[in-house]
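Worksheet for the structure shown next.
As written, the chain order gives the labels A, B and C, with residue 1 at the start of each chain.
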Amino acid sequence: MAHDERRRPVWVGVATFAVLIVAWFALTTWTSTIGPGRFPSPREAFDALRQIWVQGYADARLPVHALHSAKLVLLGFVAAVGLGVPLGLAMGWSRTCEAFANPTFLLLRPIPPLAWIPLAIVWLGLGDAAKVLVIWFAAFVPAVINSYSGVRSIEPHLVEAARTLGVSRRRMVTEVLIPGALPMIFGGLRLSLQACWTTLVAAELIGAIAGLGHVLYQASLDLFPAMIVVGMVAVAVTAALMTIALDIVERRAMPWRRA
Amino acid sequence: MKRHHWTFAAGIALALASAGALAQTVIKISYQPALYWSLPFYVANEKGWYAELGLKPEFSTFPAGVPQIAASASKSWDVGGAGSVPAVLGAVRYNLLTIGITNDESYANALLATGKTAAGFVKNPASIKGQTIVLTANSTGDYAVQSCLAKWGLKKADVTFKSMGQAEVISAMSSGNADLGGLWAPNTYTLEEKAGAKQICSGQDAGAAVPGALMVRADYAQSDPQNVARFLAVYLRSWKWLNAHKTEAIAMMKKFYAQGGVTISDAAMRKEFDTRPTFDLAQQLKIMHRPGANGASEVDGWFANIGAFMKANGTFADAPMPSKFITDEFLQMVDRDPKLKAFANRAD
Amino acid sequence: MAQGLTLRDPTAPLPFARWLALTVAGFLAFFAVWWAAAASGLAPPQFLPSPGAVAAQFVELTHTPFVGYTLQQHLASSFGRFALGFGLAAAIGIPLGLMMGWFRALDAIVTPLFDALRFVAPIAWVPFAALWFGTGIGGPVMVIFSGAFPPCVINAYRGARFVEPRFIEAAETLGASNWRMITEVLLPSAVPSIVAGLRVSAGLGWQSLVGAELIVASSGIGYLLVRGQANISTSIVMSGMIAIGLVGFAIDIALRLVERRINRQRGR
């Protein structure tokens, strides 16, 4: 019974949220068990949402913040994937390449991306470039590691077979290595995207003109719990949408996995 | 506020206290490291003055005023010091009372420019229009900067503000990635001495009074008023001593600032003393005195301006009435008790 | 993160001498690029100190206190917070994951909530963490917890869900109670998955800690970074980064050893 693809009944999920919302009302609006300074009532959260949607908060309206954040994540993510996946593939394929690149990788990998923020500011200033650099660090590591493991996980006899058939180097890469490593690569991309997102919020918390992290930063400076909740929900929704988009790309890229 | 209750309770407590056999009561004190007005907390502890009044201080430090205010909600501290902007925010959000003034830091909150641009901006302040200014939003530094802009006839919309922590402001300006920044001491000195920046306008220059606030949680004020009065007496005595013993004071300041990671010259530390007036018991009572039933004290006026600034920033819809959160009740308690009063005025 | 690079079985290993030469060359190349960038004056030494200057600063920080403590003391304070947050995440997350793998109703209730919360970046909890728990121990611990918790739950859950059905059937025919089913059937089979989850969880927790300390703490290694930055001392910032990296690396190695040991024991 623990095994079959269990369907979670939808109504249970809906009921859970309904209970939560009732509890939220009960604890804040009806009984004031949780004071307004600690957590907002639904009413306050709704007002905050309306404020940021209509008049804007922290210098812009909600969609502008979300788009700005999404743009930075995308830039950092694409740059990291563009460099990380080929490097990972090369390290997976060639022992020489691995031995040479590994030390740098070992040195940089354990440093959390956020720790680069102070350096990024003095090197690249306050613009988007510094944030993209920090995001790049976050996404680069999972992209490399998973591409590397992806190549290593290809059945050796597949490569042998291709070799005995005398396929060209180019076809080896495009028809054996990449398709073979693709499932792992996508696993890595998913981690990369999540890391990008986490890091961006932190980078923006430290100073930006627009962006969801900036909304959170401003709301925390104003001690505005309702807006903090709105900001957190916006962060979650945007991140979920990006993950769904990646899922769609993944399914397109690997049609053979659909079954 | 049930003032007579406090007074009554305080009377009993003080009677007990003067009867001797004082038990040490814990008081949780919050401050920010490496700031001028925090120095008395450190000095008093080193000298053992809290213990003399039966207090056992437990310190917690915060990197900035806002998290400090937020932490009062979880009762992480009872009394403490912070900038006036956080104090007003704390009054609105968490019923914090302002019970005294740490210092007049009008000169210490300022707009700085990088070395190569400062002269140009000073000669022609109108050229600041269109520039980007990096600062910590909703801080006393922000207040000083906006007051300076107003003095030059500039509006907030004439410039671009980028909000970030003080460490980032320092990074951005020292690396030449920003030309203008709003800071407070000792960060101003760090930037001047290590990156050649120049202070081009302070709150004082702009005619904006920037006080620092001593605060207490309202429920703590109600339950332990006598501790609050003792806390004030210790703080006042520390300033008396610091001002009377400059050389030793500078030495302790050096140690205290180093603990917060700030290494500035002795000259800059001396300048802190010279440019930031502090208030003894009599002076505190004077600036906080409200003439008549509805009169406003000098301090009320300062905080009303700060409230208006925060309202214009969009922090809240209505600024709080100073009379609602500023009280000299505890200073009065010190003043009425001969033993505490003598203690607060000791310079040794 | 995922699998380490060097520990995988080499299919066509390089001769040791060649491997060593390449690795040494790799290290040298890294430091040569750094050194050249610093020496070229690309950035002033104030903002890009040479490797030597950073090494000297690092050594100095280990015996001369900065912001009140030496480097080791800062690390100890950070590590204490980390251990608390990570321990809490494991202590709550693993049992929760296992129970979700066994009780359908719990799964149905918790999963939607969990999926909704998972997308909130751990750092986004910082403002509330300060509000609810202060900035001393509680706030940072909550942020670490929110970073470390999801992998604990997910991996315990997966581990429990993919237990061989015949084990469960066997236990069921023997009339095992829910409690025994979870502790004696699901838990042992889920251990490899759980340990793999712990490694991911520790990595994320350590990163979240640094984020929390950069923003709201007044002690610890992240705070050292901020104060170094405020004092215009890039070499202190870089020393702090190296220290963070070393500890993160050590945590990962420790968990990897545990993982290998467990896998070896089970392999027999």
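What we mean here is this: a residue touches a chain if its C-beta (ideal position, glycine included) is under 8 Å from a C-beta of that chain, and two chains touch if they have at least 3 such contacts.
Just so it is clear, the model here is predicted, and its values are computed rather than measured.
Trainee: Under the document's definition of touching, what chains do chain A and chain C have as common neighbours?
Mentor: Output, common partners of chain A and chain C: B.
Trainee: Suppose chain centres are the mean of their C-alpha atoms. Which chain sits farthest from chain A?
Mentor: It is B.
Trainee: As a quick test, compute the distance in whole Å between the mean CA positions of chain A and chain C.
Mentor: 17
Trainee: Distance between chain A and chain B based on Cα centroids, please, to the nearest Å.
Mentor: 41
Trainee: Provide the list of chain A residues touching at least two other chains, using ranges where the numbers run on.
Mentor: 37-38, 118, 122-123, 206, 220, 223
Trainee: Which chain C residues sit where two or more other chains touch them?
Mentor: Residues 47, 127, 130-132, 215, 226, 228-229 of chain C touch two or more partner chains.
Trainee: Which positions in chain B touch two or more other chains at once?
Mentor: In chain B, 70, 73, 165, 167-168, 171, 174-175 touch at least two other chains.
Trainee: In their shared complex, at which residues does chain A touch chain B?
Mentor: 35, 37-38, 57, 118, 121-126, 206-209, 214, 217-218, 220-223
Trainee: Spell out the part of chain B that touches chain C in their complex, as residue ranges.
Mentor: Where chain B meets chain C, its residues are 32-33, 60-63, 67-68, 70-71, 73-74, 76, 165-168, 170-171, 174-175, 187, 190-191, 194-195, 259-263.
Trainee: For the complex, which residues does chain A have touching chain C?
Mentor: So the residues of chain A touching chain C come out as 1-3, 6, 8-9, 12-13, 16-17, 20, 37-39, 91, 95-96, 98-119, 122-123, 141-142, 145-146, 148-149, 152, 156, 187-188, 191, 197-198, 200-202, 205-206, 213, 216, 219-220, 223, 225, 228, 231-232, 235-237, 239-240, 243.
Trainee: Please give the residue numbers of chain B that touch chain A in the complex, ascending.
Mentor: Against chain A, chain B makes touches at 66, 69-70, 73, 89, 93-94, 134, 136-138, 160, 162-165, 167-168, 171-172, 174-175, 177-178, 314-316.
Trainee: Touching residues of chain C toward chain A in the complex: what are they?
Mentor: Touching chain A from chain C are residues 1-3, 5-6, 8, 10-14, 18-19, 22-23, 25-27, 29-30, 43, 47-48, 101-102, 104-105, 107-109, 111-113, 116-117, 119-128, 130-132, 160-163, 165, 168, 186, 206-207, 210-211, 214-215, 222, 225-226, 228-229, 234, 237-238, 240-242, 244-246, 248-249, 252.
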